[in-house]
Structures are given as C-alpha cells and as structure tokens.
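Two complexes are shown next, each including chain A; its partner changes from chain B in the first to chain C in the second.
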Partner chain A sequence: MGVAIATPDLESAPRRPGRLRTNLLPYALIGPSVVVIGGILAFPLGMLVWLSLQHYGLRELIAHQGEWVGAGNYQAILVDPLFRQVIVRSLLFTLACVGLTLLFSTLIALLLLKVRQAVRVILMSALVFVWATPVIVTVDIWQWMFDYEFGVINYLLTQLHVGNFIHHNWFDNPVQGLSVLVLVVVWGAIPFVTITVFAGLLQVPADVMDAAHVDGAGAWQRFWFVTAPILKPIFLIVTCLSTIWDFGVFIQIYVMLNARPSSDYFTIAIYSYRESFGVTQYGLGAAIAVIMVLILVIVTFFYVRETVRVAEVAA
Partner chain B sequence: MKLRRASLSVLGLAVALVAAACGGTATSNNPANQTGTLTVWLMNGSAPQSVVDGVNADFKAKYPNVTVKVEIQQWGEIGTKLDTAYAGSTPPDVVELGNTLVAKYAAAGALEDISGKKGSFDNSGTWLQSLTDSCTVSGKLYCVPYYAGSRAIIYRKDFFASANVQVPDSLDGLLTVGQKLMAAHSSDPNFSALYFPGKYWYAALPFIWDFGGDIATQSGGKWQGSLSTSSSQQGLTTLTNLVSSLSRADKTGDEAKQDAAFAQGHIAMIIANGWEVGVITDPKAGDPSLKDKLGAFPIPSHTSGQTAPVFLGGSDLGVAAKSQHKDLANEWVGMLTGQKHMTEMATVGGVIPNNTSMLNLGTGINATFYGAAKNSKFVPNSQNWASVENANVLPDMLVKIFTKQQPIPDATKSASDRITTLLNGGG
Partner chain C sequence: MIVPGAAQGVRVGRARDEAHVNLGINIGQRTKQLLYDLTGVAVAAVMLFPIYWMVATAFKPGRDILSLTPKWIPAPFTLQNFQDAIARPYFLDDVKNSVIVVGVMLVLAIAIAFLAAVGTARFGFKGRTAFLITIIAVQMVPLNALIIPLYLMLDRVGQTDSLAGLIACYLAVVLPFMVWTLRGFVANIPAELEESAMIDGCTRVGAFLRITFPLVGPGLVATAIFGFIQAWNEYIVAYVLLSSPNNQTLTVWLASFTTNHGPEWGPLMAGATLTGLPVVAFFLVLQRYLAGGLTAGAVKG
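After this line comes the complex of A and B, so read on.
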C-alpha cells in the first residue's frame, strides 16, 4: 500500500480532484464532531423519544422490552392538571431567575467598570469563586442558612428586629420557598453572566461614550441608548443560555428540599424525574422530558440565530 | 503463520473454557473449590459491623475461595438505585429490601422464587407473619424475613419526673401530659413535648389505624384509598391537635434528624424505633449521659388502657433472579438469618428478630418495642405500594395538613384519590 503513492502532477494540476478535495475537506473536518455529537446527543435523544412512545414500567425495564402505546403517554400528560401547573410554575420560575440574573449581573458589571483595579480584582475573584464552587456544596450551605432550627438567616432576621423568625419555616409557603430557590439559582448564575456582560462593556468605544456625555446624556440615557444597543447580542445570548439552564433546574430544588420536594415545588425536570424514577413510569417520564426538550428547542432557535448573526457581523 | 497462531489461541481459549465449565460443574459440590464474588447490599444501620464480619467469617470458613463484598446503601434514593441495579445484567446477588418494596420487585421479576428452599432457613416455621406476608407475592416466596422494627414513644424520665407527670394510657392523656410538659418548659422557645416532623408518615399511621381508618382497602381485586373516610380523618385530627400544641419540629421536615435533635435536650418525647435509643446515646452523634434518663412506652390508643396499632417496618433479604451465584447467595442469606447471627442482631443490633421464638430476647427498654410489634399493621401489600411511597403521597398530605395549606377533608381526599390510582397501577 505504502509504495503505491504517486507524486501529484503539479503542472497539469487537474481541477477535478482539487475541487473534490476542497469540497470534501469541510465534511472531513466536521465529520468527527458530527459523529461525537450524534453519539452523545442524537442517539440518547432518539432513545428518549422511542421510550416516550412505550409503556415502560419496572417489569419492562428488567425485561428490556417495552409495550408500544404510541401517543398514549403524551395524552395522559396533557390531560393531567398537575402537568399544567408544573409548566406554568416552571415558566414563572425561569422568568424570575433569568430576569433577576440579568438585572444583578448588569449592575455588577457596570460597577466593575467604575471601581479601582484592586477592588475589581477582589470582585472578580469572588465571582470566580462562586462559579467554581460545586452546585451541591453551594445548595447544602444555603440549606443550612435557611434551616428551620439552626439557620443563620432566621437568627439574623430576628436579631435585626425584622420580625420573629424563630422557627420560621421558609418552605411552608411554596411562594416563599420558591423565592428562596430563585435566590439560590440567581446567586449561582450571576458570575458567568456578569463576566460575559463585563467583557461586552469593555468593547463599548470610549469616544462614543464621551460624545454622548458631551451631548448632555445622563447615565441612564447613556446606558439605554449607547451601551445597551452595543450589548444587545450579548444580552440575547446570555438570556437564551440562562433560560435553557433555569428551565431545566433540578439540583437546587432537589437538594434544598432533601430529595423529597412536595408537588408544590415540581418544576418540569423534577416532575419528569419523579414520574420516571419515583413511580417507575419511565415512558411517561420520557414523554415529559421530550416536551421539555421541545420547549427548549424554541429558545435554542433564537440562541442559534443570534450566534450566527454575531458570527456573520464578526466575519 | 499468523493464521496458525490465531487458530491455536482460539483452540487454547476453547479448551480453557471447556475446562472451566467442567471444573465448575465437577466441583460445585465441594464448597472449598467454589470461586467467584458475591455482592451483597445491606442498608445503612441494619446489621452492626460485628454481625456482618461474623457472617463473612463463617462464610469464608466454608467457601474459602469466594469473595463476599458487602456494600452499605443509603435509604434516601434506594428505589432509583434498585431499579437501575435490577435493570442491569449483573445486579447485586443479595439485597436487603425494605418490606414495603419487596412486592414491587418480586412482581417485576427481579427476585428469585425461593418457595422450594423455605425449609432450609432457620426458624422459617416461626417467621413473623407480617414479614413473611411482605415476602409473599401470588403465593410464592421471594425473600427471607430479616428483621422487624416497630415504633413506640421514647421519653425523658427526668422531664416527666420534674413536671410531675406519669406515662399516659390514652391519647387524651398524651395531650394532657404534653401540655403540662410544655408549661413546665415554657421558658425554652425550642422545647417540644412531642417532637413530630411533618413528613413522618410512619408515625402518623398509628393514629389513623387507632380510630379504625386505613390507607387503602381492597375488594374484588381493586384498591380503594381510604384516608378520607371519617375514621381516618378523626385520627388525623387528633394527631394534628397533638402536633400543633406539642411539637416545634419542622412541619415540612422528615424524621432523619430527630435522634440528634432529641439528644440536644429540648425534647421530651419522640416516636421512634428501638434502635434509635442507640443513636440518641451515641458518643459521637448523641449524648451518652442520657442513657439512664430514657424510657419507652407504646403509643396509647384513644381507648384508655389500650395501645394503638403501629406500623411494622422491617427488612427482607432477596436474591436477584439474574444472579450468577444463586446458591451461594441463598447460603449467605441463610447464615445471616440463622439462629446464631439472628440472636446477635437482636442482642447487639437491638432490632426485632425475624421469628416469634426469639421475641423473649427483648429486655429493658427494648421489651417495649418488642411488645409494640405484637399489635402491628402493614401498608397495603401491593406491587404498586412502592409507587405510593416514592411519590411521597403521605408525607405531602401530612405537610399540607400540619402547615394548614389545606383542611383535612381536602388533603385526605386528594391523597386518597392519588393512592387509589397508584395502587391500581395508574401513573
């Protein structure tokens, strides 16, 4: 095999093989990643859809053989009033998380621009520290802080005379409990968004800002009419990413509520997990997961469109 | 050349395989020649390490070439773990299963039918009926009863003495005694006369049963949830009353931390298993100085002088249907549940042994718990019960009631409907 390689005839440089080579090269380059992505994403996703069309309980799981029910699982979910509650709760939860994350991140990013170098380093380190802490550890610490009996939050609020918080249960009332969970999620989400927005802010040309200043634009006007439009693509991308992450929230709720969240705390990921592993209805759980993926595909569409646009502008 | 080498190695492999296969059958009668690894899953807190070591030593003496790997599992997410383990091709050979979980796995075909081997286990003639029932699905035996646990009230004798109250003999008495204790400790904002975490459903069942209520009843092969019946509601009303006036425990919490909390000294009574006395007085997790201050009495009935039926918890030992070492697995189970080690389980481990002939082993404070086992009941024995448990139907209902999110009739109605659906195999 090795000896048969012929030296290419440079002079006549036949066009066809050359064109063929350039035509094939992109495919050859993208090939490995397509195979990898197909293996780790498309295949499991396909299996998930396949599973969602079957009745798959424990017996079927052990026998490795499901029972075909077509759209039966989807019908069962869509008439379940609990499912509608779960969808609404998940959407509201996501809205609150994403909104607050963007608000606080932007404020902190603007602050980072203003402060002295030393303070900026401290703030940045703190952010990276938050980011680097494993989520389970983070949630465990928050859980202790909000603990019913020994929590520092109850202690502090009582000491500060905000009210009598001795033995105050933050998770009695689901609205209050979910607010605490929003706080935990937002806290963990801020570093990434802040650093991204801060990087974007550094791209805002100083002369444009100066010109706006000279023209008498106030701080709010400068932000709204100069900074915001320049940062628009970045905001869109972090919004899409945050939505995808927060909509699928699981660990925070699950760990915070000791792995036994009541149905008042079911978001779509928890609900899917509960149906699959809790009541061993794997087909039903898979169908819920498929619906979740479909909802996220819509968000992803905007994300991909914006990424492509940004790439085009950059090119 | 290459070809020859390849065919030679294939031939060699085949010879080796045949030899191994022959060896396996030829030596199976001689324990000393048996080889392999036996994987055992025991639950956290079930057998003391000394008992496990003892069983393994006895097993090693008989089967010197078999390795036994005992892995301790946590109760928390055991359902998920078991599902995945049994779905795989090499599940653990022996698994300790909570007695409410057996029916589910047996019905799904995960466990080996051991009906024919029953006689080979020690004391199988006097196994506790309720545990034997939990192992029996459609008339076949799928596991060996391991141990039982029943709850009673552990109390602080010194608190009772200083408040000048006696052990109550009725539920009304329990409330009165609790109120006196609360009054005597009114300066302590953390004090609970009866510490009752909101999700503690095992401890809520006696109140439901005592008034004649139940979780579900079966007629004509169909299950019907019965938490919303008036007698069940009556029991829950009584319990809610006790909780709201005597407990400062987390109304949304579970019982996992109750022993540690009890050891802190702000609690007069908890509803607990016998082995929890050991946790309370543990030098690391608890307070050893409480040893002489603890007493126990059965949960009283609303009828003065009687006791309320308690939930008979416990564990069974099952052998996986897909196990490669079923005989070895059964042998190991036989040793752990045999006369010698079962006695240790009772005396060292403080659990209720798996048979009635050993019930006299309970002495001192343990005698109360052994006694409680005699008036005990069980959850609906259905393959779908595990779904009710995993869906948190009972804890959720209790939390809703205790936190006043829903009145008792509404909370019991929705829980009962959910139980009816789940027990009849719905999602």
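After this line comes the complex of A and C, so read on.
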C-alpha cells in the first residue's frame, strides 16, 4: 500500500478534487436508497392520489388508462352511508385497541418492576414469544380457539359458568365479533408496548423516586407525578405507532373471517381493499385509501416530531 | 431499613418488640412479593396460552382435536399433522418462494441500507435532515394504502404474479427502518477510531473496512433479522400480487388453509407452528437489540 512512507500532511488544506469527492460521496451513498424509496414508496403514494381522481375500473385496467373524474370519487364516498359507518367503526376499533393496549402494557410493565428476577425472566420470555409469532399464525390460532364447535374458549366459558357457550358463534353478532378482534389485536400488541414501556421505566432515576417517597408521595402519586412525565415521550411514540397500526387493521379481520368479511366488519382498510380488488373500482378504493392516509398523517406528524426530538437529545 | 434506637444498645424487651415488628413487616412484604410473583406467572401463562394451544393441537391426533372436551396435553402424541401439512399441495413450493423472496431482498436491502447509513452517519450534507425525516415518516405510510398503485404499477410491467415484483415491494418496505437503525449503529462508533487508523497509515477505505465494518457487524445482523421477520410475515402484498398457488409465499398458503380445505385444525396448527418456528428462533437472537428499538435513547437525557 505504501502508506507507511507518506507522512500525513496535517497543515495543508484538502486539495480541491478530494474535497469535491467528499462532497458528492454522501449523495452517492444515499442514492440507491433514494431511488428505491422514491420509486416504490413515494411514487406509488403520488399515483394513489392521482388514481383517486380517476374512474378506474376493469375496462380502464385493461386499457391502462383511467378516466378523469376530478373529485367525483370523493363526492361518491362522502354521501355513502356505509363509508360513514366504516369511519366510525374504524375510529372506535382503534380507540378500544390503543386504550386497552396501553392500559394492560403499562400495568404489566409496572408488574415487571416488582416481581423477582426468575418471574421477570419467565414473563419477559412469554412476551417475546408472543411478539415473535407471525400475525397470520396468531390469527389462525385465535380462529381455532374461538371455533364455534370445538374451540377451547367456548368450552372454558361454559365450564366457568359464564353462560352457555356451546356452539356459540362469536361472529354472528358484529359487536361480539369485533370484541374478539380487539382481543386478538391487543394480545398481539402488548409485548412490544410492554417491553418498550418497561425499558423506559428502568431509566427512571431511583433517587428521584426515593425523594418522592420520602416526601410522602403514595404509589399512585409517584406514578402520576414522577414516572409518567419522564415516560411521556415513550408513551407518545407508542401511542402514535399503535394508532397507525390499529387504524389500518386488515389481516386480523380479513383472515379471521375467512377472506369474506360482511360489511358489518368493514374497517377503512378492508373497505378500500373491497372497493378496489373486490368490485374492481380502483379509483374509489384509492380515494378511500387517501382519506385513510390523510387521517394517519396527523398522527404521523406527532410521531415524527417526537422521534426527531428524541434522536436529537440522544445524539 | 431504619430502626430508631437500634444502634444505641437499648433494653432487650424493646429490641424484642422491634423484632416482632420487623417480622410483621417481613411477612407483609413477603405476601406482597408472593402476590406480585403469582400475578406475573399468571400473566405469562395467559399470554402464552394461545401459542401453547397451537403447539399442543399440532401434536394431537384428529379425534382429540375434534372433541367437545378439549384435552389439555397432547397425549397420545402424533406427528401426523406435520406430515399432512408438508404433504399439502404447494407447501414446499411456497416455503421455497418465501426463502427466495426474503433471501434476495435481504442481500439487496443490507447493501443499500448500509451505504445510506454510512452516508448519513458520517457526513454532513445538504438535505441530510430532510432525508432522515423522510425515512422516519415513510415508515408510517400504511402498506394497505399503497397496494392499489403498487398492483397497477406492476401490472403495467407484467410483474404482478412474479417474485421479482414482490421482492421490489418488500425492499421498499424494510429499507427505511434498516437505514434508520443502521445509522444509529454506525453513528455509535466514534469517527476518531477511523481517524486514528488513518493516522497510523490506513487508507480511508482500509480504515473503514478494518475498523468500522467489524464493529458494526452486530448491527448488521440485528437489522438483517428484523428485515427477515418483516418480509417473512408479510401477507397483504403477497396475497394481492401473487395469484397462482405455486408462486405464493408461506403466509398466503397459511391464510388460505381454512378457506380451501375447511377447518382441518390439526394440519393448520402444524403448518402455523412450522411457519412461526424460524421467526421465533431469529427473534430470540434479536431481542436484546429490540428492547430499546424504536425509542432508543428516549429517556436518556
């Protein structure tokens, strides 16, 4: 290499060609990422908006040419009573899922602080196992557990005298069915949120906690006035992520109902999917998807702001 | 524990009283601790039960699965369900497809993400912040919303029922997270290490390959495993894009099991166990990196 002979000349300013190279180098390094993300995420996002302004059915799909309808798709959706139901259902579903996830996760995270080491290892392992299991697999499991004929849940509820659940079909009644789906989503979401909150709890300084204790703060007060404010950024990020995931829920409902959910089970993602791939109205489906993205953009804004702030503090 | 007067050598009787009080506190604390521990074990059991039930069902013979009184443990024990699942049409095809898609995608993703990670962690340049913010924001775009344009785009170039189209989609899905995570790993290695290697006679590339690259190894592994899990588990895009059964991936095979064959729970649970196995294995390797994960450094001020 011959580098040993060359004495580094620390005094002189970098030569011009070298400088040019370092100036262009970072752009060359991020270039491939920009191409992939731009081409396969950003461009489709733009195309989605463009599609939502077209009539794009089966005929247009074959011709590769949509028919411009302006805001027509949006007008059609906004007067559609089914769409209003879908929005309300999606929001309520998200609220239930996010609220219950945060509640249980925080409780389990606090419990993790209290239990002895061996129990902590057991509980953590259980959480990691649940977290690791692919969503499709978990949906299949819950489908089996809630099977109306041989499902273990119906058996257990009957044995525990909660009621007569023999041959009870949970999905006949959409309120019950959606409650089951909330359970499936929350169960799957608890590990990530719990472990994240627990990691945050470990960072709460013990001396601050002790000081609060000495000053006579009870357990609830210590949580509310010491722990919660310190964990605020973590709660914010976790809430945003959960909202984004739960509002766009698709797999759990779609697969649980054997790819044939009735309109009582339509959430916004399923409705958009049904309009586009079920009845080949890609323009309408795109308009619904745009509305979904717009609602999520608000949540994303807070998420990005908090993540950037956290990254800056950490740096 | 503060015991007033204990250090002053007080009367024996008083000491005995205090011992009683201490014992009381100890018993109180012990019961409390026991309660906490029992709750912890109970929560673990409830969380794990569905997974246990999958594995238990997978090993049960058919008549024990379809019984009105469930059997809590798989005795007698059988491997028939696994044989049935593997012998199902397209199972092996779809395993192969999943492996190809995830493998090719990961090689590409790691290379591309690593370059961008170095670019953003080691250099300050115009547009860096904008790039990073885009990276974070773009992860939040729900994939379900992009399916329609992705499908139409790939349809136009005739790649809807091909693994190549799916690989391209997955690449874009995992890339932002990978860049962001790897950037953190690279940034944690002090640039001074590279600089001192260069003073000691390394070239810039040499310093990078000898110093930074080995140190960032664990980060690459962690990120790769994360990408593996995401792509291996993905369902919607694969379901929409891949129409012929011999072209599908494992998750699509698994999701169509009940609809295509009626509820044959035994083989389904066996197939689900097989699908989940590699993910759980990789996950256990990964978990120590994930604990901080998306919020790394959130509280450290």
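FYI, the second predicted complex is superposed on the first by the 274 of 315 C-alpha atoms of A that agree within 3 Å, B and C clash if a C-alpha of one lies under 4 Å from a C-alpha of the other, contacts with A are read in each partner's own complex, and residues count from 1 in each chain.
Basically, a residue touches a chain if its C-beta (ideal position, glycine included) is under 8 Å from a C-beta of that chain, and two chains touch if they have at least 3 such contacts.
Source: prediction; values computed, not measured.
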First (chain B), second (chain C), both or neither touched by A:L103: neither
Partner chain(s) touched by A:A71 [first = chain B, second = chain C, both, neither]: neither
Partner chain in contact with A:V208 - chain B first, chain C second, else both or neither: neither
First, second, both or neither for A:I298, with chain B first and chain C second: neither
Chain B versus chain C as contact partner of A:A228, first or second or both or neither: neither
Partner chain(s) touched by A:V88 [first = chain B, second = chain C, both, neither]: neither
Chain A residues touched - chain C or chain B, whichever exceeds: C
Contacts of A:L61 with chain B and chain C, given as first, second, both or neither: both
Partner chain in contact with A:F277 - chain B first, chain C second, else both or neither: both
Contacts of A:N258 with chain B and chain C, given as first, second, both or neither: both
Set intersection of chain A contacts, chain C complex versus chain B complex: 61, 64, 149, 166, 258-259, 277
Contact footprint of chain C on chain A as seen in their complex: 1, 3-4, 8, 22-23, 25-34, 36-37, 39-45, 47-48, 51, 56, 61, 64, 108, 111-112, 114-116, 119-120, 122-123, 125-145, 147, 149-150, 152, 155, 166, 187, 190-192, 195-196, 199-200, 203-204, 230-231, 233-234, 237-238, 241, 244, 247-248, 250-251, 255, 258-259, 269, 272-273, 276-277, 282, 285-286, 289-290, 292-293, 296, 299-300, 303-304, 307-308, 310-311, 313-315
Residue numbers on chain A that touch chain B, as the complex places them: 57-59, 61-64, 76, 148-149, 166-167, 169, 171-173, 258-260, 262-263, 274-275, 277-281, 284
Footprint of chain A on chain B - complex, ascending: 76-77, 79-80, 83, 86-87, 104-105, 107-110, 189-190, 199, 248, 250-254, 256, 261, 386-387, 390-392, 395-396, 399-400, 403, 405, 422, 427
Chain A-facing residues of chain C, complex: 33, 36-37, 39-41, 43-45, 47-48, 50-51, 53-54, 57, 65-70, 111-113, 115-116, 118-120, 122-123, 125, 128, 131-138, 140-142, 144-153, 155-156, 168-169, 171-173, 175-176, 179, 187, 198-199, 201-203, 206, 229, 232-233, 235-236, 240, 251, 254-259, 263, 265, 268-269, 272-273, 275-276, 279-280, 283-284, 287, 290-301
